[in-house]
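Chain naming follows the written order as A, B and C, and within any one chain the residues start at number 1.
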Amino acid sequence: MIGREIHAFAESIWGFNRSITGNGVRETLNSIKSIIPELKIRSVPSGTLAFDWIVPKEWKVSKAYIITPEGKKICDFQKHNLHLVGYSVPFSGTISLTELQDHLYSIPEQPDAIPYITSYYKERWGFCISHNDRLSLIDGNYHVVVDTELFDGFMNYGELVIPGKSPNEVFLSTYICHPSMANNELSGPCVLTFIARHLLTSAKSNYTYRIIFIPETIGSIVYLSKNLSKMKKRVFAGFNLTCIGDNRSYSYLPSKSGLTYSDRVAVHVLRFTDPNFVSYDWTDRGSDERQYCAPGVDLPVASLMRTKYGAYPEYHTSLDDLKKVVTPEGLQGGYLLVLKVLQAIEANACYKSKILCEPNMGKRGLYPTILQNKKGADVSRMMNVLSYCDGSFDLIEIAEILKTPIWKLYDTINTLLEHELIALNCNDKSK
Amino acid sequence: MIGREIHAFAESIWGFNRSITGNGVRETLNSIKSIIPELKIRSVPSGTLAFDWIVPKEWKVSKAYIITPEGKKICDFQKHNLHLVGYSVPFSGTISLTELQDHLYSIPEQPDAIPYITSYYKERWGFCISHNDRLSLIDGNYHVVVDTELFDGFMNYGELVIPGKSPNEVFLSTYICHPSMANNELSGPCVLTFIARHLLTSAKSNYTYRIIFIPETIGSIVYLSKNLSKMKKRVFAGFNLTCIGDNRSYSYLPSKSGLTYSDRVAVHVLRFTDPNFVSYDWTDRGSDERQYCAPGVDLPVASLMRTKYGAYPEYHTSLDDLKKVVTPEGLQGGYLLVLKVLQAIEANACYKSKILCEPNMGKRGLYPTILQNKKGADVSRMMNVLSYCDGSFDLIEIAEILKTPIWKLYDTINTLLEHELIALNCNDKSK
Amino acid sequence: MIGREIHAFAESIWGFNRSITGNGVRETLNSIKSIIPELKIRSVPSGTLAFDWIVPKEWKVSKAYIITPEGKKICDFQKHNLHLVGYSVPFSGTISLTELQDHLYSIPEQPDAIPYITSYYKERWGFCISHNDRLSLIDGNYHVVVDTELFDGFMNYGELVIPGKSPNEVFLSTYICHPSMANNELSGPCVLTFIARHLLTSAKSNYTYRIIFIPETIGSIVYLSKNLSKMKKRVFAGFNLTCIGDNRSYSYLPSKSGLTYSDRVAVHVLRFTDPNFVSYDWTDRGSDERQYCAPGVDLPVASLMRTKYGAYPEYHTSLDDLKKVVTPEGLQGGYLLVLKVLQAIEANACYKSKILCEPNMGKRGLYPTILQNKKGADVSRMMNVLSYCDGSFDLIEIAEILKTPIWKLYDTINTLLEHELIALNCNDKSK
C-alpha cells in the first residue's frame, strides 16, 4: 500500500526544522532526493532580487529555550521546533514575566496546542507555547535564550523536469517551508515525491512534467522570476499540492478564472472520486497559486487538496500531526487523486470515426447478432463513444456527457482503435 | 377527423409481413403510393455496398409453423407474422422439445405477448411464442416448418421530393421494416403519408420537402450513401417520425448537439403543445437518427414521438396493436404535432420595422384613441412584436420571449405587414 | 436632507396643468430652470414632423366645469386639473344626464378617486369624476362648459448638456406631461432636477451628461428625430427616471436586450441598495424607453424606479399625491439610487497591476508583519482586488465576484493607486 510508504517517509523527515531557508530545508530536499535521485537542489543567494521581493537572509537555530523562576526549561526548541517563532532574531537575557508575555503566543481556544508563528520580514523574537502551560507561569525572572543567526546564505529549492514525448508541460508545485506539521505541510512534498517516483519509473509520458519543491511565496516568486517566460510557453496544466494527507475530505481550489484546462480535468476527476468534494473559489486562496495566477503570470494552476488549510481545527498548530490528522489512508487518497488527474491528462484526446454512419459492429463481434430489446452497458457505452468521436469532443467531454469517469472509457477507446474504427484527431490540449 | 382516416389506413396495411426487404415492404409502399401517387419506389440490389454495410439478401416467407406432439399447429406465421423470427433461414425437420426450446423466444414477464425478434446479419431460425403457450408445451417430437428463402433480390424504399420556393430542404424520415405492430411502427409511415398528402395538396411551400419511407438502419445508411453530399448542402431541418400514434404522451429526442434549427423549432412547438412532453437526450437514441447524426453525416435531424420505443410496456410485442395502443386520437395528435412543426418552419422569419421609434398606431386604427390604464392583450402583443422586429430576432425567438406559441403571432405579423409597418428581413434559417 | 428639498420643490409645481403642450409645461420648465439655470427651454412648432408623428396643436384651458340641475358646480378644472380629460376640445351646452354620462369617466373600484384620462390624437371632450360623485348625479339638465383652445403653438421641453472630460455621454430622461399627480409623475422631473444641480455644482465629471425634461412619447420621438445620430455615437449609458418618489420599493425595467452597460451598472447598484428590488422585463415597459430602445434607435436606456407605474393602487388617479404616496424619504431614496448609479459609472474602470506576482505588501505597511491565521477583511479585499487588476476585469465585475458593492472598493483602489501598485488600464466602457 503506497499510502504506508508515503507515511513512513513523512515520519522520517518530520523533525527537520523547515523554514523558508536553512538546514532543515536542505535536509528535507536531500531526503526527497534519496527517493528521486534525478532531483536538482538549487541555491539562490540572500539578497537576490525577484520582482518586488528580496531573498531574505538564511536563518540558523542553535538553541532556544526559557528557564523559569523555578529553574525549569520550557519552550525548548530541541523538543518541538514550533516553540520558536520562525525567523526569531538572537536574544539572551533575563526578563520579568510581564516583559516575556509580549513575546509569547498561544491559543486560548486550543489550550493544548502550540501555535505556528513566523515573522520573516520584520525582526522579532518570540516563543509559542500551549495556553495551559502559559497560564501556569509564575511571577519572577525568566532567562531567555534565543541562539539564532541571520546571515547572508542561500534559499534552496528542488527542481525536477521529466521529459515527455511533447515539450508541453504539466507543472506540479509543493512547499517545504513548514516545520513539524503534517497535513500543512508534510503531506504535499511527500505525496509529490512519490508521484515523481511513479513518473520516473513508468514508460515515457505524453507530456513533460515540471516538478518543484519550494518555500512558499518567496520560493514561487523566485522560481517564476527565473522561469516565467518558458513556463508561459509550455505549461498547459498545473497543480499546487497542499494539505493532501488527511482522510476527511477532498477539496479543490480553482485557478483564478476557474476555466483552465487544469480546472476541467481536475473537476471531472474529483466529481467521480468524491461527489461530495469541497469546492472553494478563488477568493479562498492562500498558497502559491496566488503567484502562479497573479496578473501577468496567469498560469493554469489549481490546488488539489484533501482538507484545506484553515478548514480543520489542527491547522497551523502542533496538533497537525502524523498520528491523528495525516494517515496512510489519507495520503493514499491524495496520491491516487493526483495520479488519476495526471492519467486523465495523459489519456485525454479527440478521436474521429473512420467510417461514415454507424459501423457494422455485428460483423466485428462487437454487437449482439440477435436483436432483442436490451443491449448491454458496454455496447451502449461503445456506441455512445463512437457517436461522439467526430473530432470535436475530447474524452473528458464525452465522459461528462455519458456521466461516467474518463477512466471507464480507456478500454472502450482501445477496442475502437484496435478495430480501426477511430483514429486520433488531436491529443494536445495545451494549444 | 384526420386521425380516423390515418387509423383506417393503418388497419389496411396491418397484416403485411414487413421486414428490411421483401414483399411486405413493397405492399406497404404500394399502399402508401395509393394515397400519395407522387411517391417513387426505389429498388437497391442485394450485395450493394453502402459505407460499412452490404444490402442483405431478400427474405421471402412462404409458410412457417410448428406441429406439436398432439398434432396442433402452433406459431403459425399465417396467423401472426411475429411468430417467425425475422430473417429466419429455411428449416424443416422433427426435433425434440429440448432442441426446439433453443429456437423459441418468449417473455416470462409478459406471458400473453408474442415478442418481436430478428436476426438480420447472422443465419438463424426461430419462433416467437407467448410464454403461456410455451409453458404448455409437452415432451415429444415437434415438426418444424420454416419455408423461407433468402435470395439475391432487392431492398426497397419510398422517396418523395416536393419542391418548394427554396431549394433548401426539410427532411422527413420514417421506417417500414416492422411487421404487425402499431406504435412501433405503423404510426410513423401512416402519419408521414398523410403529412405528405397535406403538403402535396397545399399551396407551394417556402421550402422543399424530402420524405422517405425506408427500412431502419440499412435503409438510412443506403439512402445516405446515395444522397449525403446533396443533403448536407440543402437539409436545414429534419425529423425522424417514430412511435407517433398512441395517446399517452408527447416525446422528443434531440439531434446529437441538441442545438440545431430542428431542435429549436421542435422544442418550441412541443412546449406549447404539451408542457409535460418527455424530453430524452442523445444517449437515449435508437432509430435512424443514429445514422443522420453520425460523425461526418451530421444532419440536423431529431425525433418527434408520442410514447418512445422502449418506454411503453407493449413495445416490440404483439400487444402493440391498433386497438388499445394506437388510436385515432393518438395518430391525430402526432399528425398535428408534425404539422405545427412544419408550419412553424414555413412561417419563421426575421422582420424589420420600417419606421424609427414606435409608429403612430392610433391613426391606423390599431390602438385605442383614449388612454386609460389597460390596453388589450392583442395591442400588447402587437407592440411587443413590433419592438422585437429589428431584423435580428426571428419569430420563434419573439414567441419564446413573449411566452406564447409562434402560431399566435401569425395574425399579428400579417396585420403589421398589411399596414407596411414591417418588412421581411430574412426568411432562410438554413443559412 | 435632500429628500425634503425635492419634496418642497414638487409641492411648488404641483398645481400646474401639465400636458404634452401648453402653459403648464412652460411653467414647470421655468421652475426647474430656477434651480438649474443652465437648462435650455426648447420650442417645437405644432405640425412639425417627427418620424411617423406630427407635433399636435397646443392645448389651452381657460375654464371647465359642469353645473348640475341643482345649480352646483362640479368637475371644476380650477379645483383639480384631473377633472378635465386631457386635450378636451371646446364645448358649451346643456345636455341631459344620459348624454353627459357618455363623457364621464370614473373608477367603480376606487369610488373616491378622480381618474387620469387623455385623448391626444382623437377629438373628444370629457370629465373625470369620483365614482361616488357620479352616483349622486340626478336626472335633469346639465350645463357643460369646456372653454379650451387647440391652436398652432408649440411643444416645449428642457435640455441640459453638462460637458465632462470625455464627450461620451450618459443620458437621463424624464417627462413633464402629467398634471397633478405625484409619483407618476412629479417624482421623475423633481429628482432629475436635483441630480442635475448636483452634477453642475460638483467637479467636472469623467463623462458628459445629456439631461432632458420632455412630454412622454411625442417628446422623446421629437427629441430623437433631432438628436439620434449624435446620440447613437456618444450615449453609452442612459436611464429613464419615472415613479421614483414613493418609499415602498425599488424597481427596475431593463433595456430591450437587458445586456447593455446601463443594465450592468444599474442591476449591480440595485442589488446592493435593496436585494428585494423588483425586476421587470422588457414586455412590462410603458414609458419613453419604448422609443429609446425601438428598432433602429437601440440606445442603452433602462428605467430606474421606486414603485412602477401600474403597480400601485393610486396610479393614474387623484390619489397619487404628495402626502401619502410620494414622501421626502421616497424621493431621497430615488435620488440616492440615481446618484450611486452615476457614481458607479464615473468610477468604473479597468486597472492593471504594475508588479509581477504579489507585491510585498508588508514593506509598504499594507500587510501584517507577523503571520498568524487570520488577516483582516480590508487586507483580504485589497489582495483580492489586486488579483483581479489584470486589465480585463472592471471594478463592477470585481465587486460582483467579491459580492460587495462597488462603492466599498473606491478606497481600496485609491490606496493601491497611491502606492503605485496599479495603473488605469481603460476607463471608457462606452467603447
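Criterion: a contact is a pair of C-beta atoms (placed from the backbone, for glycine too) under 8 Å apart; a residue touches a chain by one contact, two chains touch by 3 or more.
Predicted model, so just to flag it, every value in this text is computed and none were measured.
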| item | value |
| --- | --- |
| Number of hops, subunit B to subunit C, where each hop joins two touching chains | 1 |
| Fraction-based call for subunit B against subunit A, same above half, different below | different |
| Cα superposition angle of subunit A on its copy subunit C, in degrees to the nearest 5 | 120 |
| Centre-of-Cα separation between subunit B and subunit A, whole angstrom | 56 |
| In the complex with subunit A, residue positions of subunit C that touch it | 352-353, 355-360, 362-363, 369-373, 380, 383-384, 386-391, 401-402 |
| Subunit A residues touching subunit C - in the complex, by the definition given at the top | 51-53, 105, 115, 117-122, 124, 217, 220-221, 224-225, 228, 256, 282-283, 290-291, 293-298, 310, 315-316 |
